[in-house]
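In the two complexes below, chain A is the common chain; its partner is chain B in one and chain C in the other.
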Partner chain A sequence: MSQLELQNITIQYGETTIISALSLSVENGEIVSLLGPSGAGKTTILKTIAGLLQPADGQILINNISVNHLPAEKRDAVLIFQKPLLFPFLNVAQNIGFGLKMQKMKQRETERKINRILEITELKGLNNRKIHQLSGGQQQRVALARGLVLEPAILLLDEPLSNLDAELRQQMRELIQTVQQQTGTTMLFVTHDQAEALAISDRVCLLLDGSLRQTGRPEELFYSPADPEVARFFGCDNIFTTADSFRQQSDDVQNEQKMFTIRPEDIEIYSSDQQRETASHQHLFEGTVTGVVFEGRLTKLTVKVMAKEHVTVLCSRPAFHIGQTVWLRMPEDRIHFFP
Partner chain B sequence: MSGPGRKASLHQLAYLLGPALTIILLLFGGGLLLGLFQALDFSSATGMKSITFDHFRTVFTDPDFAGSIALTLYISLTSTLLAALISVVLALTIAHWAANNRILNFILQIPLTVPHLVIAISFLLLLSPGGIFSRFFSFFGMITSPSTFPLLVNDDYGISILVVYVWKEIPFITFMLLSVLKNLGPELSEVGATLNGSRLQRFRYITLPIIGPSLGAACLIVFAFTFGAFEVPYLLGKTYPVSLPVWAYKNYSDIDLLARPEGIAIGLIIAAIITVSITLSQVLIQFARKRGVIL
Partner chain C sequence: MRGKTLLLCVLVSVTLPFLPLMLWSVADKWYYPALFPQAFGTRAWFYVFTTAGSQILDGLFTSFGLALTTTAASLLLGVPAGRALGLYDFPGKKLTMLFLTLPIIVPPLSVSMGLHLWFIRLELAETFFGVVLIHLTFCLPYTIFVIRGVFSNYNPDFEAQARSLGASPLTVIFRVMFPVILPGIIVAALFSFLLSWSQYLSTLIIGGGKMLTLPILLFSLIGSGDRPVAGAVSLVFILPAFLALLGSAHYLGRTGLKGIR
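Take a look at the complex of A and B:
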């Protein structure tokens, strides 16, 4: 059953259309990431779902009930903002219990729920801490706990990890996953970080230019992008057509011109004839290295093939230099033709 | 900032403010000290032996004192409360636009720039029984004669005094509140909304705790000013009872020189109340800073 369903949502700021006829659904207990570059309108979508903005058109359903007419406080959706936005005049426990207080929940029940969520979010013992006495990571955990304690139909997370450093981000990401497994909370997670989206989500929705380009499992989007833009978003610049010279060189030249891609890390690269001999001769192309960029775990190589095409290759610990002659092999099973 | 840096900046600050502070201390501090000597009957010839609190005792036991302080408190508390209420509503209403709207800021600043005296005289000319409004209404037959115009100046309830103070103080309090609201933005209220807080609950549990200390500090400053201000109640107030500052002035300028120490004693009582108010306002501002609701 869908906890959240957006049906042809259009959002406008004045005359400008930010989001056009967007539809998506989040199933019960799922973590779905809304992924897109900065300025794509991700936060706007979350604010619209939360009831802080009104859509120009379309329906928002939470628990199969249309909530378009309901104010934010009446919707069963909690938004966790990019900044923790904790109430500076309340301590940790009071911040977490704020929503329960608004619901006029009894003191004993409130305390029970707060204690449980403090434990889940690893904040136990910090009940009476002032907000300014907390680190950035702790503050974001309090913000998460403050939303989770209400057990909403859907928890909307607006890039909650973007203000944290790499190590904290990793810890927080794991915490969100653990909390989700323990509580079964349905989450819509907004991020511009593809690695974050791929790691945390059951499904990913890619938002480009105000519309959803592709929705699916993280592996689907990464390995089987729907179009070249989706492929480029996931760091794959190798977009070719069957008319391209090096593709024509291969055995399976097709009459119909089609676009295809292959991930840079899937391309095999050989530096010598001997190495080349060990590889299959199928789809093997000679080229010249035109660029080497060390990126840490992997090094990005740009190879000019058939004096025309630039192919990006990712490999670890390479011993290549600019101007070197290399051979590239593109395994057939790694080539993805766009639909 | 590191220790030495802070020390250097404090030195720099003292150097920059020194000349102005010296003059203020000499003129105001010296005046207050001389006033205190007079109110305590201190004489350099007899030294400490001559000190007496008789003038203060005379003021406190004067049958007019209770009426005077009641009127002064009525004027200052009522005008402060009315200005605060209107300012809160105004600040919350315009917070969204005020940040970037120069015209709105300009309009709000107008009452700040006009002296109290000018407004008081304007009210006198406009609203007194012989003023422009009464003649206008009489001329058009809306009232039988200018003397039948409702008494809005020198009246029992100090309506015109309250109006002047409220009109003057609203922008001051509003600006203080707007600066707090501007720093925090609308996000906390949005958080409150998604945490099931209704509009009223958000005001009570989020907005009020945020603006509370600044509002309190602004109110105490306004209270201190209206409590000690002389010209408006002097021009627009009734002749009996008079507010404390007017009473102090009358005693000080009395042809009987023996009334002067009592006038000074009243002035010192006013100064003490003002000092407490201002100190409290500073305590509230520090409290707000500690809470992180103002920078």
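Take a look at the complex of A and C:
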């Protein structure tokens, strides 16, 4: 059963359409991430689901019930903003208990829930801390706990990791996953960081130019992008057409013109000496290195093949220099044709 | 050590103007060129508490009533206005700001004289409500400016967050917005209270002698030339204002601005 369903949601700011006819569903217990570049309207979608903005058109269903007419406070969805937004005049426990207080929950039950959530979010013992006494990571965890404690049908997370530094982000990401497993909370997670989306979610929805381009498991979007733009979003610049590309040299010449892609890290690269030793000479293309950018874990090489095609190759610890002649091999099973 | 010296200097310079008042209030005989009273006595205070006691008590009540009503009205109107000016952009915002500043720039005498005729015509002259209105023309701009300042640093996402956590719009106002802007509200309330408390000219013109506030009594006593009595009444006049100032300073020192210590 889907916890959240958006049916043809259109969102406008004045005359400008931000999101047009977007449909999306999140199943019970899933983490779905809504991925897209900054300014794509991701936060707007979350605010609309939470009831803080009204859609111009379309239906929002939470637990299979239309909530379009319900005000924000009556919806079984809690939005956690990018900034922790903890109330400075309340301490940690009071902040977490804010929503429970709104539900007029009994004192004892409230305390029990707060203590349980503090334990889950690794904040035990901080009940009476003032907000300004917390570190950035702790504040973000309190914000998460404040939403989780309400056990909403769906928890909407708006880039909750973007204000944290790399190490904290990693910890927080793992915490969200652990918490999700422990509590079974359904989450819709908004981010512009593809690595974050791929690592955290069961499914990823890619939002480009106000509409959903592709929805699927992280591996699907990464290895089988629906169109060149999706491929480019995931850092794959190798978009070629069969008609005018070097692939025509290979054995399986396509009759019709088709576009295909191959991930830069899937391309094998050899120097001239190595090439002679390579067992299979099939599908080897000669090229010249035109760019070398060291990016840490991997080095990005740009290779000019057949005097016109620029191929991006990612490899670890390469010993190539600009101007060097190299040989590229594109394994058949790694080539993805766009539908 | 230097800090203490500085503190002492500040303390002396602040309390210095009050010293002559205190001395006058207990002076029985004080003629030029004596630096201090030649004879001390309690005549002035006796006068304040017995002979003129009921009159001064009435004045205190009237002043308090006016100042509190004006402060309440000023906050009631000033908080929404300050929020609009601090948070939102709308056409004519700068012009609105200018118009709101006018009563502060234009001398109170002109404002009161100008409005007097209107107030007579609207039967507002010589009424409590009329005097509250004229006090508001001076208090409201200050309130709006203070509250506007608070809201220009205010993040409305706090309210959205509270809504999403289940708070109704009304609850958001009292449980989220109000605590966040409380320091600003206290400053604005203090300004309004003190401004209204010390109004003389506008009260005299619009009140037409019917609203006998403490400043009006004070001026008539000073006019009568009885300096010890004027000194004593002045101290009675200062005391509530001073207490209000101390109270708010104590509160602000505790929470700091924006509610963060």
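Assume the second predicted complex is superposed on the first by the 332 of 339 C-alpha atoms of A that agree within 3 Å, B and C clash if a C-alpha of one lies under 4 Å from a C-alpha of the other, contacts with A are read in each partner's own complex, and residues count from 1 in each chain.
The rule is short, and it goes like this: contacts are C-beta pairs under 8 Å (C-beta built on N, C-alpha and C of every residue); 3 or more make two chains touch, one makes a residue touch a chain.
Small disclaimer: the values here were computed from a predicted structure and weren't measured.
In the three-chain model built by superposing on chain A, chain B clashes with chain C. After overlaying the two complexes on the shared chain, residue contacts for A:Glu73 are found with chain B and with chain C alike. Contacts of A:Leu148 after superposition: neither chain B nor chain C is touched.
Shared-chain residue A:Val305: touches no atom of chain B or chain C. Applying the stated contact rule after C-alpha superposition, one finds that A:Leu134 touches neither chain B nor chain C. In the superposition on chain A, chain A positions 47, 50-52, 71-73, 77-79, 81, 83, 85, 87-89, 98-99, 102-103, 131-132, 146-147, 150 are in contact with chain B in one complex as well as with chain C in the other. On the side of chain A, the complex with chain B involves touching residues 47, 50-52, 71-73, 75, 77-79, 81, 83, 85, 87-89, 98-99, 101-103, 131-132, 146-147, 150, 156. Taken together, the chain A residues at the contact with chain C in this complex read 47, 50-52, 71-73, 77-79, 81, 83, 85, 87-89, 98-99, 102-103, 130-132, 146-147, 150. Across the complex, chain A is touched by residues 155, 157-158, 160-169, 171, 176, 179-180, 182, 258-261 of chain C. Interface residues of chain B, counted against chain A in their complex, comprise 187-188, 190-198, 201, 205-206, 209-210, 291-293.
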